[in-house]
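Which chain is which? They are A, B and C, in the order written, and residues in each are numbered from 1.
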């Protein structure tokens, strides 16, 4: 019957065009991934990648919206000091939109700063918790804070702010001058922002190797020589320390606070 | 019986004038269903998103505004594309308007093309309206935030040219950019592909509900089609059943993720023109395929 | 072929079997080997009860349904070909046009579908609104039209492109008697102008009043066909119609009839003969069926 023939023809067109368009779709998808419209998943093997893709697909085009909604939920959890909940929400949010810089930063900040000060500072809510437990929670949340930024760097390797924030953590929360210095250096290289280079130098000063002191001295002296606006209290303080440590001839030493 | 041969002989080309008449009448038919009330909901949503959550950082705020706007645009255009298309043909059959139209010298393919174009006009016009409202609200919000942030810089006495430039750049990047229009266009393309699929479905569907349900199912499966395709192109299957399902999914469904520029645009990614053109081209390809098949089936349909 | 040689309608041995879902190989025989031929200028009425195959026949004629067997042409052009539609105007049963359009806009819409120019459409709209007497309602939306008005605007849209053949499906169904008469008069007027009319109905009086020829379709089969005279006159019967007959006179008549070799079939008020004919056929068909099911 004629009706059947055209049904068969219709099916044939669907199937043939279906097979033919697959490579086209794959190529376009690759381009979209290159331009970050589809999330690439660096470092994951095929199965894991498919898991990630399936996860993303489940939100069919509303991924960004879902992330925003979860972000608001996370904000509520944060207001209630439910840190586990905050962590869970951000893990999901960052997986949904791994190229949103702000989410990694927020996640890390909530963990390494807000959660940490919650357990570190005395407050009525945590009085019942034993000190050993609190200490362990503090170090856990610092690690979570670092971990978010390190994961963020996998997706956004050129991001200066992640390095800066990692450096801050290694300076303030989990002191480790060589690591802090390393991240400040990368942050400076990526952003060329002068204060990051100065921060790099300050961390070098805290290290124990004289060759690092020399590098710090060169940086700070260069900044100092740019003029009054660049001669902040910290620059002057560290230069004086370094002049002594490195036995800089008096004639070459800076004049402030003689 | 040579229905096709004889109809095809004298009417080689489609008549744009006739298709346009059908499209505009379809548009008024749909507009008469009072669909444009959705704009009120849209405006309410945007004002809610734009001005209620002021406890968030400005980046989160602007992102939320954009997410809600794009989410609502996607949802409304999806509903219009699927429901609008699904009700058209059954309604014309029920009212017997279809008989009066097809007993005029109107080839069935022109009827289908006109109906589809009518739905696309509705989707296009409603997206345009939403886009204008959204852009205006975003621009307003962006300027309020910029004024506030510069005020904060002043108050903290750190209003150096460098800082002002920095803050302005961040806010502008989160505010009105041409890429937002590209994102709206990608929403339109996705809706157009879905409308053409629903048009195809409604040429053989026995109920409007069927078309609507299957239409929404295709929307969801279409977002996962790339998984099946990846599997299919890799060619590694653990079982014949898996292979069968994969092939079925990859070949039958469109990849709707290809038309998802919104998520990236909200994250601040630039949109190369070349990419936009390619997406448009693949949408056109889908439209042509589904339309040709729809016409094939509809030409033989007993009305 | 020149147009003069072509019949207005030529339906040749069409059958239509609708496949039944879930019952492979079986189907519903809606139209069974029907042939109808109309010469230009005729008014032809196809009558039959609901579900007898009238509408399917009409849809096949208009190319809306493909026949399983047989062919159908309009002025020599195949029904399913788009060209054939230039010659035909169709008014379906109980049409609902786009409610949001006014009468004039409806005509414009259909005119544009037929590819008429703006001037042609303007002229035709005026002519047709005059013809169907809807000038007063031209700018009212169809949502507010009565059934009769809808039917008349439907007739006007069917005529927009000056077709030579008019196909009407139950043109007066649901229309009040006055409206019904209006439509009947319109059909006669159009016929006088040389338009061929093919109409379907289950309202027999109406068919009887205006059709030159009638076909009776029953269970998909064309069971009788001919001019009204042929169909209605029953050669071996005589009808006596009396006015003010007294019961006494009727008694006398009865006894007189009984004395002869004559059988009284019915004495009573006269009925539409076509209806009787139709009912007779339905009754004999039922009898046959009952016999079949008994044996």
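Going forward, contacts are C-beta pairs under 8 Å (C-beta built on N, C-alpha and C of every residue); 3 or more make two chains touch, one makes a residue touch a chain.
Everything quoted here is computed from the prediction, not taken from an experiment.
The minimum number of touch steps separating chain A from chain B is 1. Comparing the centres of all chains, each the average of its CA atoms, the largest separation from chain B belongs to C. In terms of Cα centroid distance from the overall Cα mean, chain B ranks first. Chain centres here are Cα averages; for chain A and chain B they lie 34 Å apart.
Note: centroid distance chain B to chain C, computed from Cα atoms, is 47 Å. Chain centres here are Cα averages; for chain A and chain C they lie 80 Å apart. Among all residues of chain B, those that touch two or more other chains are 1, 3, 300.
Within chain C, the positions touching two or more other chains are listed as 66.
For chain A, the set of residues that touch two or more other chains comprises 2-3.
Chain B meets chain C in the complex at residues 1, 3, 6-7, 10-11, 15, 17-18, 21-22, 25, 28-29, 32, 95-97, 99-107, 300, 302-303. Partner chain A is touched in their complex by these residues of chain B: 1, 3, 53, 55-57, 59-60, 63-64, 66-68, 70-71, 74, 190, 219-220, 222-224, 226-227, 229-234, 250-252, 255-264, 266-267, 269-272, 275, 278-279, 282, 285, 289, 292-293, 296-297, 299-300. Against chain B, in their complex, chain C makes its touches with residues 18, 59, 62-66, 78, 80-83, 85-86, 88-101, 109-110, 112-115, 154, 157-158, 161, 167. Those residues of chain A whose C-beta lies close enough to touch chain B in the complex are 2-3, 6-7, 9-10, 13-15, 17-19, 21-26, 28-29, 31-32, 35-38, 46, 50, 53-54, 57-65, 67-68, 71-72, 75, 97, 99-100, 102, 106.
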